[in-house]
Amino acid sequence: MPPRDIRVEFAGGVELLFDNQKQLDIPISKFHDPSHPAKENLTYTVRDLLQLLKDRYLKQRLELFLQGDNVKPGILVVINDCDWELMGGPDYELEPGDRVVFISTLHGG
Amino acid sequence: MPPRDIRVEFAGGVELLFDNQKQLDIPISKFHDPSHPAKENLTYTVRDLLQLLKDRYLKQRLELFLQGDNVKPGILVVINDCDWELMGGPDYELEPGDRVVFISTLHGG
Amino acid sequence: MEFERVEFGKTYTSPLTPEEVNHYSRQLVLPQFGVEGQIKLKNTSVLLVGAGGLGCSAAIHLAGSGVGQLTIVDHDRIEASNLHRQILYRSEDVGRYKAEVLVERCSRSNPLSRMAPVALCTALTTENCLELVRNHAVILDCTDNVYARYLLNDACVLRGRALVSASALKFDGQLTVYNHQGSVCRRCLFPDPMALQAQSCDDNGVMGPGTQYLCWCFVRHRCTHHAVPGIMGSLQAMEAIKLASGMAVSFAGVQLHYDSLSGSFYRFKLRPRNPDCPVCGDKPSIRTLDDSHLGTNTCWTRQELKAKLDL
Amino acid sequence: MEFERVEFGKTYTSPLTPEEVNHYSRQLVLPQFGVEGQIKLKNTSVLLVGAGGLGCSAAIHLAGSGVGQLTIVDHDRIEASNLHRQILYRSEDVGRYKAEVLVERCSRSNPLSRMAPVALCTALTTENCLELVRNHAVILDCTDNVYARYLLNDACVLRGRALVSASALKFDGQLTVYNHQGSVCRRCLFPDPMALQAQSCDDNGVMGPGTQYLCWCFVRHRCTHHAVPGIMGSLQAMEAIKLASGMAVSFAGVQLHYDSLSGSFYRFKLRPRNPDCPVCGDKPSIRTLDDSHLGTNTCWTRQELKAKLDL
């Protein structure tokens, strides 16, 4: 993974919403939003990541991934091997090399 | 683990030779050998680590861990999740934060 | 082989019978487990809910370990399509109650357990769940739907029991120990099962081309590669055995996600107990088991679905 | 349920019988596995050597998956002290051949396999090993000693077969796929089993205080927490099933070390094939199976040990 990128992974069925891709390396530059030139600061939060995924990567049924500006209940967000609740949730500021995993909770047996 | 340390781990039975300890964090400073002042360069290899383990940490039956200046056949040495053969073996130069795991191959079933 | 010679020179007055010593000798010599572990195990009662793929694997490993008393609850009967992943059932068992057959297999594999294993061929309900949980020390969630999982979760919180929960779908499996030494319960993570209900039906599989009319739920809920429940059930049993023998568990406050295709075992730390949790929080609103808190058994009632597929 | 409705709108002329479609329906709908995977599996023959803790778990999962033909080799008979970790054997089986009983359990759990599983109640030897390996596509090493493991390794290299090898001792387990698409064989890592022989006896346990006269080998070789072989055997079966159904395996050139106490699954990359390897190297010195390359069955002959312990 190129050092400047954010490693994003999908598991437990979430990958089905992203063309069955389990892994995406997203360069920081992709976060720059030309329509918001004012947004000069180079820090982006997980909330921005959700927006980016919704706009550029999501292939199927938006409502299965997001609910408002949060992930849908049932999906755990894990940042560098920790539940994002431990990291400040959607406001966590991403750094190059971070690993963000979206895992759907399984109920089958 | 303090950043300046080498993380050393034992598994598969090797820990029994080290007082049943599965994990040691060894500061680089511990490698300095007063009896060899000439050894000014600050780089230490896995061979030096074996020597240090033998002198300072090994509690039981030396011949179960080392054979000459190499590890005993049956023990795999893994550096940062790779077989040390991929990293240059005993001559690999240790860096702070490296993880070196000694794993005995199991034959039971 | 008398006892002393096996042990590290320490003699134990052991309430284990010589027969048990021989039967468990391979575990007894393990210092971390030893005689104390086996005795604690022998005095522990375990409740295992769900006799499917997970339950078969977990139960047979638990029975083998010498757990004192094992109760298995499942209202389902064995169907032919279960056989490939419910490894202990045979074709001639089709039609019989799963719990009954599984108890039979377990008792024959370990006749030494202090009390014979018990089969309850009924569904887990808001009436019987609290009592069942209260009568057992260690609880295993081997069920396959949101309703039963939240029912068990609430009962374990209300009765102060740890809940060893595993799940499996397609090629993935998950494992964690809820409500143990301050670790989260299910509702700490997702308070409202109704939201999961809809989610669990759609989330795990998207309408494939050409099968629009077929709601995935009926097929997907049970489409799992057969070895995955076997793997997760044996890992689940390992945690339950450690819990029962007083050893530290590895997955309290930690979740394991296993992907059998890539062979990856992803472990991550879970948030602490949620003070606002509706059942285990500081001011819980849920104090009894009630269907209104639990959602339905499956997103579309099986009947409606079965009618559609005219199975 | 006819076939088309289950599949993603594609119709398959499938050499799977309707009965098989129903039996394996849960796997068939998995796109990564699907009908092709099941058909390949149905046409694959598997050799499983060792019907102990690993073998019980691996065999029952393999049989359940629909593997075409399964041969189980083991010369041992069932002993009472096996029962706690060899989950499919019952007290009334004590004294019978393990391979025979295991084949019985497997065939009853999956009557559909193309050919009934076969039990060979003999030891693996330098005479029969090459032929056995040649007659099967996928080989599983579920044995418990250095001699058998190197014998199987050499035969697999000489006959060009992948070898799915697992092991378990005390609370640890290991898994890797040898000799597959350029991955190492056993001798690439440790060319001389004699060195391991002595090592495997001492290495895995040190003379404890007070039991000086007791050589550890006899006790240690078989002292394993019972759930660990069950876990490793089911993971081993998963790799074998992927191999047999033409899917990518996860542990070729990669080793898994599982520590059940800490619940950790450590995966690390192994060196590439060793060009100087005595059996799979560029100029191999080992071209036949011969005891002189293989060391002995156990560091102290069991008899000598049994006499010492007057068991």
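Just so it is clear, A, B, C and D label the chains in written order, and each chain counts residues from 1 on its own.
The rule we apply is simple: a residue touches a chain if its C-beta (ideal position, glycine included) is under 8 Å from a C-beta of that chain, and two chains touch if they have at least 3 such contacts.
Being a predicted model, the structure only gives us computed values, none of them experimental.
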Quiz prompt | Approximate Å spacing (C-alpha centroids) for the pair subunit A, subunit D | solution = 40
Practice problem: Find the geometric centre of each of subunit B and subunit D from their Cα atoms only, then give the gap between the two centres in Å, rounded to an integer. | Solution: 31
Exercise. Take the average of all CA coordinates in subunit C, do the same for subunit D, and state the distance between these two points in whole angstrom.
Key: 27
Quiz item: Which subunit D residues sit where two or more other chains touch them?
Solution: 170, 222, 224, 262, 267
Quiz item: Which positions in subunit B touch two or more other chains at once?
Solution: none
Practice problem: Using the contact definition from the top, classify how the chains connect: line, ring, star, complete or other. | Solution: line
Quiz prompt | Chains touching one another, given as label pairs in label order | solution = A-C, B-D, C-D
Quiz item: Which of the residues in subunit A end up touching subunit C in this complex?
Solution: 11-14, 16-17, 22, 60-61, 64, 72-76, 78, 81-83, 85-86, 101, 103-109
Quiz item: If you look only at subunit C, which of its residues touch subunit A in the complex?
Solution: 50, 52-55, 142-146, 149, 166-170, 172-174, 189-190, 192, 195-196, 199-200, 202-206, 221-222, 224, 229, 255, 257, 259, 262, 266-271
Quiz item: So in the complex, which bits of subunit C are touching subunit D?
Solution: 1, 5-6, 8-10, 22-27, 29-30, 32-33, 57, 60-61, 64-66, 80-81, 83-85, 87-92, 108-111, 170-171, 208-211, 214, 219-220, 222-228, 230-231, 234-235, 237-239, 241-242, 247-251, 254, 256, 260-265, 267, 309, 311
